[in-house]
Every structure is written in structure tokens, then in C-alpha cells.
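Look at the two complexes coming up: chain A is in both, with chain B in one and chain C in the other.
Take a look at the complex of A and B:
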């Protein structure tokens, strides 16, 4: 951070600039504090949650597979997040293709419709889902979680795919079509490779959003198919001990991978803003 | 000239008008069909996942419910009347509002330096620092709230350290109350505030500050007279966004509140799952949506205004 150029003919730069840097560093510390502390606890050998850590251990990680509730939650989360991601990729990419490539009245309205789930509180969507699925006897199933997650992940896939489509050149598709390829071949062999970064970034974000989502899963499947976040939520409600910390570190690492992938492909700021 | 343009130019230039319009109409019909065919699965998915639940919830609010889970299908304003008449729900709504307001103000204050720094920075690590500021968004709120429980709890980092240092003997009550929830939410929404401010700081030109400096203003004066007024709209937009997110969040009030923090979101959960009074839970959701919608509208109006100003 010392790289920002020191103004050569200003004398009073240093005091104020230093103070500003310190404030920025403290703000970053505050922002990252909960994640940092979770990492510290996960490797701390203290029997109970306490400070300061007395030693280093990998015990909490080694014990993770024996926690049946967490492992079951992990399985549920992996299944539902994968299913939701697959579905949302198929319907989201084709919707983005429609929005970008065809000029049809009502297009703008449809575009905001696809992004609208982000403008409604998740808890309200969650309640609505219970009201619809409960009487049908569909709560506490994989399907209920997947259905609930389609709405909140679709906007990300549509947005990232649209971003890729907007910068892509249609002349290659035109050429393929002129050379006799049918619509599906053109999409598979030409369009898809071009927009692949946006599709992957959207899929990765959809997966992590679904995987981390707690409220909809809590409402629609708390008793029958608790996902991992729901299991953690219920666990820490009664004891905020070190057992959860190791699991949290696994999830943090997982998120970090997603962050790096998305940053490389599309730029994190562009994708989430 | 791309192939598309070429084809379009040829198509428009060479054909007589009548023939073109017939052809165009046919192609437009075909286009429209393909469009809706491609969009249909997503529309259907969103309908099942989002539209139908919301509509059904609105309808449910006009039924009559009771605490034993029996729902009477009718069309009444009873549930809304109950929410309005019971002073308890006035307090819950007020608490929700105050919590949102406090979190919004604090969040803007702690996120402001980072946003300003990231706008200015010419560091090689700028993109890493931006990613670091936004990355917590992609970590589960449950995990981050757990982190705050560890920091603020009775035997947690702060209390443990203060007791070890002999500064206090009885742990401070930092969790299981509004204080803990507000601290946690302030941190959890920081990435949103940073993103909102960075896009709202468009008008902030470092040359203006240099000008103020060379005209003799000191740093503090430059900040107060130039930087702050110019960044205020962006900060306000960020504050509104955080407010909207804070009033509807569930996980953090539930966990860090430890049952002592009653806001609309926790109330909806209790009514829906504990008491199984669905009509009343739906009515409270509509209350939340109204509060939410009013603020979202304000936020979008503000953003639009900023966009025009820029």
C-alpha cells in the first residue's frame, strides 16, 4: 500500500495520510474479524471456547466426519445446491440468450422480472413457499429446497450471462449459420464457448448462494431435510463451541475458491454490484 | 462491417418495400416465438419459486387464523387489525426500524473509509483489496454470525480478554441483545455499503481536493468542505440499501439476539413455524414488505438522481 505515489512537493502528506491508512486498516480488521476469529478457534486446542488459545490442534477437523448431523446436512446441501445450479443454468442461460438476441416488446419488463427476486426479503419468499408447499405435503423434501433456491439464484446467472453476451460478437454465429449449422449446433459450438466465463461465474455464484442460504431452507425443510447452514444455525443456537469453527473454516475456504474463480472470470465487483 | 450488418444492409437495400414487409413480418413472428420459447422455462421457474408463493401469501393474510393452526378461509382484515391494535407489534415494528437505522448509520461510517480508500488507491494490490472487501458476501451469514458470537459472547474474545486483564469481573452483556445484533449486522452488510458507495462516489474528483489543498485548506478542512459533501449522496444510497437489508434479515437477530431480540423477521418465523398462525405471519410479512418497498423506492429514486447528476 506504500505504492501510492508520494506527492513530492507536499510536506504535510504523511501525518494525515498515515492516520487515514490506520483507519482503513481498522475498518478492514472489523470487516474480517468474524472470519479471522473462526479460523483461530478452529485450530485452537482449548477444550472449551475460551481465549487466549493455548495451543495448535487439528483435532476439530479430524472429528468433523463423526458429526452425523453436519455430514447429513452437508449431503443435503450438496445435492440441493447442485440440482438448483443445474436447473438455473439451463433456464437462466436460455433466458439471457432470449433477452440479448431478440428484440421483442416487453423485453425490458421481463428483464427486470428476472432480477426481481433480489428485491424481496428472503424471509417473505420463504414464508410464501411454506404456505404453498405445506398443504401440498411437499415441505421437507429436496424438491422444496431446490424450488425455493431457483428464484434467488436465477438473477445471478441471468446477469453474468448477459454480461458475457453483451461483449460477444455475433458474426461468428452468423458465419456458422450461413455455413449450414442448425440453431442448437450454433449455440453449442459457437455461442457457448464465447460466453463460457459468464456462464461459469453465474453457476459458481448460484451454487454458493444456494449452498449458503439458510432462511428458505429453514422454513421449507427444517425438520425433514436440514441443509448444512440450517444444521449449523440450530447447533450454535444452543452452543457456540469450537466444533462449528472447523466446519466454518471448510466453508470459508470453499467461499474463497468461489471468490477467486469469479474474480478471474468476470471480476467480483462487476458481478455482485 | 460484421456479417450481421452486411446481411441487414443487403436485406434493407435490395428488396422492394412490399416484399420486405411481408418477409419482415414472418421473421418477426418467428423471432418472437423463439424469444418466448427460450424465456418460458425461466418464467415458469420464477413463477413457481417466487411469484406464486408471494401471491398466495398475500391471499393468506386475508384469512382468519388461530394459534391452534386452524385456518378459516374467508376474506377479512382481522389479522391486520390485530397487528395494528396490539401495542406489542408496534414495538416490534419500531424496534425493527430503529435497528435498521442504527445499523445503516454505523455501517456507512465504518465502510466509508474503505470505499474512499479503494476509489483513490493506485496500489498494485487494489484489485485484491477490493476482492477482500467484497468477498465476505460469499460467506454464509450463519458462519459470520457465529464468528460474532465467539467475539461478543460471555466467554468470548472481548470478555475473556477484559477479564484476563483484570479490567472487569462480570462479563459485559454484548450478545443476546440489540447491541450484539447491531454490531454483527453492521459488519455483515459492510460489503454492500462499500459496493454502493464506490458506485455512488462518481463525482468525487481527486483534483478538486488538490485544488482545495493548493488554495491553502488543510486536510481536515478539505475533507469537510470538499470530500464529504461530494460523497454524501453515495453514502446516503449505501445507508438506504443497508437499512432495507437490515430490517428484513433473520439469521443474525435470531442467533446473536438469543431470543431477546424481537424484530419483524423473527416474529414472522415464530408465527409461521412455532404458533402455526399462517394468516398472521402473512400479515406481518406484508407489513415488512411495505416498509421494505417504500425504502427500495426511495433508494432507486436516489440512485436515478445520482445517475443523472453524474
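Take a look at the complex of A and C:
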């Protein structure tokens, strides 16, 4: 503030800009505050989940491998999320390909059908699954979780793949066909490499969403195959120490690393923009 | 005797029922080794025709015959065509060598043979040194050459080019014209070349098919198309043209190439001479005179058609006149040999040798 007094008009604009920045900063703080508190608690030496910390320790992290529930939940989550991701990639990419490249009847209806799970509350899907799978004796299995997660992650894969397809030049595929490639070879050698960023982005999102999902897992497989989020829920029901906060930090770091690595390799942001 | 390579037999494409066909009962025969230009304004059905030949699109009716074999139902990847797309359509994730090798891989050519063929093809288009570049690291002209090498390396049954020069700047376009033509001659690849640029077609093609509204208006050599257009559309589309209606009177002789020389009567202007097909006496026809074939003298002179100069344009090499003859505004172009530039409003007399005016065989179309 060493410059001479600014003109009144300019001052008012600066005031507005400053207010805007403050609001943005506060909004971020509001959104991130819970995360920050979880991170702080993970390192806190308090015996129970509480704030503020009386001292700092790494013992909650050291205890994690001893928590059989967490480890088992992690295994279930990794298996179901991987399976759901692989299956949803096959279904989602095929669906997107059909919607974008072929004259399928009822294209608009199909496209909204594939994107609709985004609009239906997860709890409704979960309830529906229990009502269908229960009588068939299929609850509390890996398959039941995978099935539910396929449903909720499909829209993401279809979306990201459709976006990649929309920006790619179909004449490359035609050129390959003219050069002697059959439909499958065209897909493997030309289409897939070109839309790879969108497919990978969809896969990463599907994996994270599935890995993170609690409601469906809770409904369809709580007793038989509890996933990690379900185990976390159970844990906080019965215990009140900071191990769960330490686990949360591990998961945050894990997700962030996945996103950063993919972003570095593929330009995730570009494919989502 | 040359062999017929490609026959289109009443080839038709109607995109939707009720819509006028985009390509309408097209008949054409292409000789082995020829470069044939499909020439016409935008939307006349050139690309549609080419894509049907490639197999990228099914015809509504008609047949495509190559080397005497009906390939209408053969799927695209079994036709063995080579195609260069307007956008080049290079595979962005492969380097230049891999792009060119793609068709050879599909044909299961041995690896070592592939390397050799790719090298030869890239040398042919003078890109041997860029084999490991990716398409986005190449200029438009270089991409164009890669696309050409990729199409030719498989020794295609037919080479199909869809406006391959339209994305290049004017200077490069000229160079690539010559280059494509010389490569095409060397490889002997029978070629269909789509263009809307008449200069390109006249310069490069052995035969030109002038298309209009899904129909072929005329199929012939560049000289035929230019000198002996069959329709007003062709005369107007190719080169600059004076076109006016005249009554064809009695035949008065025979031209140097056996055409009939007619006396023609241009209503309200006078009489002159023109050549044309036999049997046009007593009909109403359109007459074509190219601007640079008109001779012009200043003042009213006997034995010609006299009019008034309405406009003069001087471009250094050439002098252009617009001369008003009754209802007709005749465009005339002369070399600036004698240095005098006439003024607007002066009288001038035009005349032409009978062989420089052509009576179109097409009947005058009702307006």
C-alpha cells in the first residue's frame, strides 16, 4: 500500500475481488476442514477420537496391520473393486462404442439408460438388489457386491469413453478397414489406442467409486463379505480410537497417488474436461 | 488395347427414402492405369461415389465391377483398395513407418519384406528420413505423402483419393499435383480422384467425369471436356465461358476434325459461324465461345459483330473486355501485345473462327 490513493472506482472493484477471494477460501476451508481434522487426529496421541490432540504419535498407523477386520475388508474391497472395474470396462466401452459408432435404434433412450444410475439414490439400488438377490441366496457373496458396483460405476465409464470417441476422427477407423483390418482388428489396433485416455479415466473413477462405496456393500454383503468401508463403519460403531483416522489417511494418500500417477501418464484432466 | 479396370453399372445411392438420390444410376468405365477425376461442385455426390467403390458404404442399387469381378457385396477389408482421406486419417498413435506398414501387416507380409517395402514407399514420397516421426510432428504436405505411401505400399487394386489437396496451401498444392501424378504414372495404379477444382482435374486426369446433382454430365478427356462440352453445365463449370442462345441455320462446310460448320443466328445481334455435331440444323442451341478465342478490333468493322465496350480490365499479361452485343455481354480476353488500351463506351467489333465457337449438343433447357 505504498502507492498513492487509488481512484474510488478501482478501490471498489478491488474490494469486490477481495470479498470473492475470501468467500472462495472459506468455501474450500468448509469442504476440507473435516479432512484436515481427520489427518490431525490420525497423528494424535489421544486415546479416543477427540479434538484437539494432546500429543502426536504414529502408533495408530503401526496398529493398522494388526486389525484383522481392516485387512480382511481391504482384501474384499480390492477383489470386488478390481472385478467390478474390469467387467464395467468391457460393458461400458462396448456400450459407448455402440452408441457413438453404430446406428442403434433408440439411441437417446439407451444413452439416458446408461447414465441413469447417477440419478437414482444408491440406497434405492441397494434395496432393489437385496430384494432380488436375497431370495436367490446370492447375498453375502463377492458377486453380489460386484453386481451392485457395476451398476453404479457404469455411467462413468460410458461417459468418459463417449467423450473420447466424440473427439476422435472416424476416418482413422475407415482407413484401417480399407487397409484390410476386420472389425475386431480395427478396434484393437486403432480405436482402443485412440480412446485409451478416456477408457483409463473411466476405469480409475470406477475403481475409486467401487472401492469407496458403502451403502450397497452394507446392504448386500454386510455379514458375509464386509468391504473396507463396511469394516470402517463397524469399527466406529464399537471402538472410538484413532485407528480409523489413520486408515482414512492411508486411503486418501492411496487415491491421490492413483489420480496423480494416471494424470501424469495420461492427462486425466484433459480427458475429463 | 487397354483393359477395363473398373466398371460402375447404374450405381445409385439414396440416403433416405423420399430424398433425391445422392448418386443416380452412375455408369462409368475406367481403364487400367488411368487417373480419373470425379469433378463437380460440392454436394454433387463425388465422395459418396468414392466411398461406395471403397466399400465404406453400401449402394442402394447398381454394381461395382473390378477386373471383371462383381465386388458390390465384398466387405471393405477384402477389397484391397488404397484410399487417401481428405483429413489424411493417419493413425496418431503410430509413427510414420508403422502407419505405412499397417496394410502390409494386415496382409501378413513377412517382417523383413515389410521393412523393405515401407522403406521403398517412403523413399518414393521422399520421406525416408522421417520414418520414426509421429503424424502430429509432420506438416500437412508431409502427412499427405505418408497417407499416399500408406495407400500405395499395398499395391492396391484401385487408388482412391478424396480431395487430397484441398487442405494444402496454394503453392504446395501445385507441387503435390505434379508429384501425385508422377507417382501414379510410375506405379501404374488405376486411380479415382475426387476434386471440385477444375484446374486440378484438367492438369492431372486422363479422363474427367463431370458430376452434377448425382449424375455424370460428361465423361471424357480433359480436352474433350474443355473443347467439346456436351452441356451448358459442363461448359460453364470448366474454364471461363461465353454462353448464348442461337438459331442453328444450315450447315456450310466441314471443320478440320470432321465436325459440321454451321451458320448461326444470334437473335438481335447478327450471324456468325460455329462448329458442332452433325444434324443440328434448324434447332435452338447454346453456343460456347471461350473469351481468349474471340478476336476484337476497335470501331465498327464489316464482317463481324459490333458492340460497345462496357468494361476493360488490365491485368498486365492480359486485357479483358466486356462487350455489349444486344442481350449478350461478351467476355473477351486478349494478350496486351499492341499496348493500346481502349476506353469504355468505344465501339468494337468481335469475330471468331468457326472452330472457336461450339454448338452444344444439349437442347436448350427450359428456364
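Just so we're on the same page, the second predicted complex is superposed on the first by the 233 of 273 C-alpha atoms of A that agree within 3 Å, B and C clash if a C-alpha of one lies under 4 Å from a C-alpha of the other, contacts with A are read in each partner's own complex, and residues count from 1 in each chain.
The working rule: contacts are C-beta pairs under 8 Å (C-beta built on N, C-alpha and C of every residue); 3 or more make two chains touch, one makes a residue touch a chain.
All values reported here derive from a predicted model rather than from experimental measurement.
**Student:** Name the chain, either chain B or chain C, that contacts more residues of chain A.
**Tutor:** The larger set of chain A residues in touch belongs to B.
**Student:** After the superposition on A, what does A:193 contact: first (chain B), second (chain C), both or neither?
**Tutor:** second
**Student:** After superposition on the shared chain, which partner residues are touched by A:118: those of chain B (first), chain C (second), both, or neither?
**Tutor:** So A:118 meets neither chain B nor chain C here.
**Student:** Taking the superposition on A as described, I'd like to know which of chain B and chain C A:166 touches: first, second, both or neither.
**Tutor:** A:166 sits against neither chain B nor chain C.
**Student:** With both complexes superposed on chain A, which partner does A:178 reach: first (chain B), second (chain C), both or neither?
**Tutor:** In the superposition, A:178 contacts both chain B and chain C.
**Student:** Pick one for A:29: touches chain B only (first), chain C only (second), both, or neither.
**Tutor:** A:29 sits against neither chain B nor chain C.
**Student:** Mind working out whether A:253 is in touch with chain B, chain C, both or neither, as first, second, both or neither?
**Tutor:** neither
**Student:** One more residue to check, A:58. First (chain B), second (chain C), both or neither?
**Tutor:** A:58: touches no partner chain.
**Student:** Give me the intersection of chain A's contacts with chain B and its contacts with chain C, in residue numbers.
**Tutor:** Touching chain B and chain C on chain A: residues 169, 171, 174-175, 178.
**Student:** Where on chain A is chain B touching in the complex?
**Tutor:** Chain A residues touching chain B: 1, 3-5, 10, 12, 16, 20-21, 23-24, 27-28, 30-38, 41, 48-52, 87-88, 90-92, 94-95, 97-99, 102-104, 107, 110, 113-114, 116-117, 119-125, 127-132, 147-152, 154, 158, 169-171, 174-175, 178, 205, 208, 212, 214-215, 218-219, 222, 229, 232-233, 236-237, 240, 244-245, 248, 251-252, 255-256, 258-259, 263, 268-269, 272-273.
**Student:** Going by the contact rule set out above, which residues of chain B touch chain A in the complex?
**Tutor:** 2-4, 7, 31-32, 34-39, 41-46, 48-50, 52-57, 60, 110-111, 113-114, 117, 120-125, 127, 130-151, 153, 155-157, 160-161, 164, 184, 187, 190-191, 195, 198-199, 213, 218-219, 248-251, 254-255, 265, 268-269, 272-273, 278, 281-282, 285, 288-289, 292, 296
**Student:** With touch defined as at the start, can you tell me which chain A residues reach chain C in the complex?
**Tutor:** Against chain C, chain A makes touches at 169, 171-172, 174-182, 185, 189-190, 193-194.
**Student:** In their complex, what parts of chain C are in touch with chain A?
**Tutor:** 54-56, 76-83, 85-87, 89-93, 102-103, 106-107, 150, 154, 160
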